[in-house]
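Order of writing sets the chain letters: A, B, C, D, E and F. Residues in each chain are counted from 1.
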Amino acid sequence: MPYVNIKVTKEGVTAAQKTQLIEGVTQLLHHVLGKNPKTTFVVIDEVDTDNWGVGGETVTEIRRKNG
Amino acid sequence: MPYVNIKVTKEGVTAAQKTQLIEGVTQLLHHVLGKNPKTTFVVIDEVDTDNWGVGGETVTEIRRKNG
Amino acid sequence: MPYVNIKVTKEGVTAAQKTQLIEGVTQLLHHVLGKNPKTTFVVIDEVDTDNWGVGGETVTEIRRKNG
Amino acid sequence: MPYVNIKVTKEGVTAAQKTQLIEGVTQLLHHVLGKNPKTTFVVIDEVDTDNWGVGGETVTEIRRKNG
Amino acid sequence: MPYVNIKVTKEGVTAAQKTQLIEGVTQLLHHVLGKNPKTTFVVIDEVDTDNWGVGGETVTEIRRKNG
Amino acid sequence: MPYVNIKVTKEGVTAAQKTQLIEGVTQLLHHVLGKNPKTTFVVIDEVDTDNWGVGGETVTEIRRKNG
């Protein structure tokens, strides 16, 4: 009965990609630990780039510099 | 000083229901562990059905099949 | 399919109390939102009093002062 | 490689304030534990006042009473 | 720069299995979303079976019944 | 009433360092957002190096290579 939380920046993740992430993580836990897919929960959080910091600056700022 | 995080799918939870959840959890922690309600925090996260997976598929898909 | 995380300080919570918390939260989500108990997950984290801060000091220190 | 999650109520936090929080936490972890800022992640969650409870009531209700 | 948290019950997960989970999730995020493995964090929490509830009872109790 | 969760690897963080982290984060939230220190919670999680992955490998392995 695993619970997995995936946090990524909110930059256009599609419904199809979310399905792929959910399928992939569920299969991985079944494959590695024998966990039952029926009771595997996966929650994806999409975080605004203003609200995610790496190296002391926001991802918004990092994206702007690399733009 | 407990901290409780409740994650549910974002499917029309009303403000009154949120209040009931917050009251109920706070009372439960007071009743079972003697925790002071004044310093009990409850945070409710409502998760889009596209972003919650069970059994390797999204809740959006599960709802559609059961629709 | 709710997921609930309860964080309390690690101060002698018994197995019976954990069961009461799990039962109580599961019933609350069933009662308030009609959620299926079978797919309600509750995870309890017990946090060392050195690792929990309130008001800028650790719970260890707060307990010592109030001792 | 620390990971820090800051949850505050969604009450008009500006982009500049988010940057200050991210900078401040990153510096603190560098100063206290010698952690490399480049691999320090900070994620800020802004929570609706209807979804945050303290003392058994929502922050929305607390703000209304204190209004 | 994704952050992934995997919670499973503490029932003898080996170091090799942890490595497989970390590799697998990191590759999945690279494959599906093009995320850089170097800045993908994965944190595994192993939760005591007394502290995990499903269907209103602890996993300890569920295991005992199924024993 | 902020809630802050700091996750670091379990590599000998002292009680004094924990106090510094708790004080520092609490002051930062007071300084930047005017939050009341009395209702600021900080929870520190120390994660085993086997359970933390970066770049697809565990911190245990990274430390061994850099040793």
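One rule holds in what follows: a contact is a pair of C-beta atoms (placed from the backbone, for glycine too) under 8 Å apart; a residue touches a chain by one contact, two chains touch by 3 or more.
On a predicted model such as this, the values are computed, not experimentally measured, just so you know.
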Interface composition of copies chain A and chain D: same or different, split at half: different
Label of the chain whose CA centroid is most distant from the centroid of chain C: A
Identified repeat of the D-F interface (over half of residue pairs identical), from C-E, B-C or A-D: B-C
Chain B and chain F: spacing of chain centres that average the CA atoms, whole Å: 26
Whole-Å gap between the CA centroids of chain A and chain E: 14
Centre distance in Å when chain A and chain B are each reduced to the mean of their C-alpha atoms: 20
Multi-chain contact residues (two or more partners), chain B: 1, 3, 7, 21, 25, 39, 41, 43, 52, 54
Contact pairs between chains, per stated definition: A-B, A-C, A-D, A-E, B-C, B-D, B-F, C-E, C-F, D-E, D-F, E-F
Complex contacts: residues of chain B adjacent to chain A: 7, 47, 50-58, 60-61
Residues on chain F engaged by chain C in the complex (per definition of touch): 15, 18-19, 21-23, 25-27, 37-46
Chain C contact footprint on chain A (complex, rising order): 1, 3, 39, 41, 43
Touching residues on chain A, where the partner in the complex is chain E: 1-9, 13, 17, 20-21, 24-25, 28-29, 31-33, 35, 39, 52, 54, 59
